[in-house]
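Here the chain labels run A, B, C, D, E and F in written order, and each chain numbers its own residues starting at 1.
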Amino acid sequence: MSWFNEKTPEVAKAFAEMRNAVYKEGELDGRTKELISIAASVLMRCERCTEIHAERARKHGATDEQIAEAVACAMFVAAGSQLSWSDVYEKILGESNK
Amino acid sequence: MSWFNEKTPEVAKAFAEMRNAVYKEGELDGRTKELISIAASVLMRCERCTEIHAERARKHGATDEQIAEAVACAMFVAAGSQLSWSDVYEKILGESNK
Amino acid sequence: MSWFNEKTPEVAKAFAEMRNAVYKEGELDGRTKELISIAASVLMRCERCTEIHAERARKHGATDEQIAEAVACAMFVAAGSQLSWSDVYEKILGESNK
Amino acid sequence: MSWFNEKTPEVAKAFAEMRNAVYKEGELDGRTKELISIAASVLMRCERCTEIHAERARKHGATDEQIAEAVACAMFVAAGSQLSWSDVYEKILGESNK
Amino acid sequence: MSWFNEKTPEVAKAFAEMRNAVYKEGELDGRTKELISIAASVLMRCERCTEIHAERARKHGATDEQIAEAVACAMFVAAGSQLSWSDVYEKILGESNK
Amino acid sequence: MSWFNEKTPEVAKAFAEMRNAVYKEGELDGRTKELISIAASVLMRCERCTEIHAERARKHGATDEQIAEAVACAMFVAAGSQLSWSDVYEKILGESNK
């Protein structure tokens, strides 16, 4: 992302500071934050992000199985959210029952 | 989601079994899976999902701060992925440097 | 969408013509096109769109069960696409097997 | 997706059963379900999914024109949903008319 | 977003600084940045964001027609991107021509 | 997109007319419309769209820095929208304060 540093240096700097703030050891440990970030990277369709956060997750001791389970959560929520994002189905499909 | 059970009972049953498989105690504990699922729910724009997974996360002992940090990871990846999803910027913005 | 007609009348007109072109009887019948559009509306998180296309699907003879099955397809693809959108997993998770 | 079977075999099994439940002959025929799934695959930005469902659609007798019309529905809803996802425009743009 | 400031004060602070960096007068003027942000808010399905950026756009002198044209760009790209996001169509639909 | 013209010529024609209507000189100039479209292309995960609109933006006199600032707006809104898309956080995280 050298172009980003070159063309918008102030935003790039602020973004780097946000990264530090988000990933610093807090109430969640680094491994958990990286697993959350893998799921987020997948949902955002960002291969490079997925690689970066998987690499970092590994450095924090995450196993392959843990990474796969994080992806499985993303997969489940992606499915379930198609049903639960809205109450409109009850209105559409519920009427016919009466 | 009663309509879903009524109108497509077999899919509803299979979906319930997938939920059991995804959230059963595995390599990741229940609390971590729910925090990942909160981030996924936010990214998928599903309020009901966010509520459900926050409630479950709480039952697994998650604090408010941990939920907020999970959302912060989603926020960071949503931002960063706008830069990292593609190499096309280097091509577009890199050319002008030469 | 009266604001759209008022503020950008030419785009509104072109958009209405695109709708006519997309939904006119073609190789797919109207019912099938509306069921596809319901799934698309769900994935795009548009309640009003879901209502409109469900109403039109009904006018073309679609049953509740058919609408629910269209949503089930959206749900399945939303899930499966988390795995299939990328080859990056093989690289990340495949390495550890060697 | 061999990694998925290896690393989370139970989820993989449940997911396969969900696929069977979703795509079994029901109120919609196989061809219609695959056309809906093509549109969903496109909207989810999943090339591999698009290929898989196009291949299956062909096996169920779908023509090129039918696949193109399914994509056209996805395209239309993607456009229209930018207007119809929210009532906020009326509030923002409607005020100025008074 | 008072919860965000309370629960993750460091991230909230870094995020506020990123906002300042992004929206400060730069190569693009404030009005243009706000119009871009309206389109982004719409695409991200965020009503509150759309309201905030529309309000700011107005303060920078944007008219209703300009806001509507920004939404029209989002609408067009949402449609066109369904065709242009992938080369997979040529492979799927191109083969049959031979 | 030759396949689109071949397989659904009427939709292709209507879509081309919509493009003309959206991008004609209006209340916003061509450069601004293309910068908005770059941000939209990024958010829609469409590399080809990003290239096309960047090229057109250049023809309208846009600089690299302006393109980078448009992407920065997309990045900021993508982040901020994770917080502002919903009131559900107040409900979830606000309760604990009492």
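By definition in this document, contacts are C-beta pairs under 8 Å (C-beta built on N, C-alpha and C of every residue); 3 or more make two chains touch, one makes a residue touch a chain.
Because the structure is predicted, anything quoted here is derived from the model rather than measured.
Participant: Under the over-half criterion for shared residue numbers, do copies chain A and chain D use the same patch or different patches to meet?
Facilitator: Copies use mostly different positions to touch.
Participant: Name whichever of A-E and B-F has more C-beta pairs touching across its two chains.
Facilitator: B-F
Participant: I need the pair from B-F, C-E or A-B whose contacts repeat those of B-E. Over half of the residue-number contact pairs should coincide.
Facilitator: When the contact pairs of B-E are compared with those in B-F, C-E or A-B, C-E matches.
Participant: I'd like the Å distance between the centres of chain E and chain F, where a centre is the mean of that chain's Cα atoms.
Facilitator: The answer is 6 Å.
Participant: Could you give the separation in Å between the centres of chain B and chain C, each centre being the mean of its C-alpha atoms?
Facilitator: Those two chain centres are 22 Å apart.
Participant: Where in chain C do residues touch two or more of the other chains?
Facilitator: Residues 3-4, 7-8, 11, 15, 18, 21-22, 26, 43, 45, 47, 64-65, 67-69, 71-72, 74-76, 78-81, 83, 85, 89, 93 of chain C each touch two or more of the other chains.
Participant: So how do the chains connect up here, line, ring, star, complete, or something else (other)?
Facilitator: complete
Participant: Give the list of chain D residues in touch with chain C in this complex.
Facilitator: Of all residues in chain D, those touching chain C are 1-4, 6-7, 15, 18-19, 21-23, 26-28, 32-33, 35-37, 39-41, 43-49, 52-53, 63, 65-66, 69-70, 72-81, 83-85, 89-90, 93-94, 97.
Participant: Per the contact definition, I'd like the list of chain E residues that touch chain A in the complex.
Facilitator: By the definition above, chain E touches chain A via 8, 10-11, 13-15, 17-18, 20-22, 24, 26.
Participant: Chain C touches which residues of chain E in the complex?
Facilitator: That would be residues 45, 64-65, 67-69, 71-72, 75, 79 of chain E.
Participant: In their shared complex, at which residues does chain B touch chain F?
Facilitator: These residues of chain B touch chain F: 42-43, 45, 47, 50-51, 54, 64, 67-68, 71, 74-76, 78-83, 85-86, 88-89, 91-93, 96.
Participant: Write out the stretch or stretches of chain F touching chain D in their complex.
Facilitator: Residues 3-4, 7-8, 11, 15, 18, 45 of chain F touch chain D in their complex.
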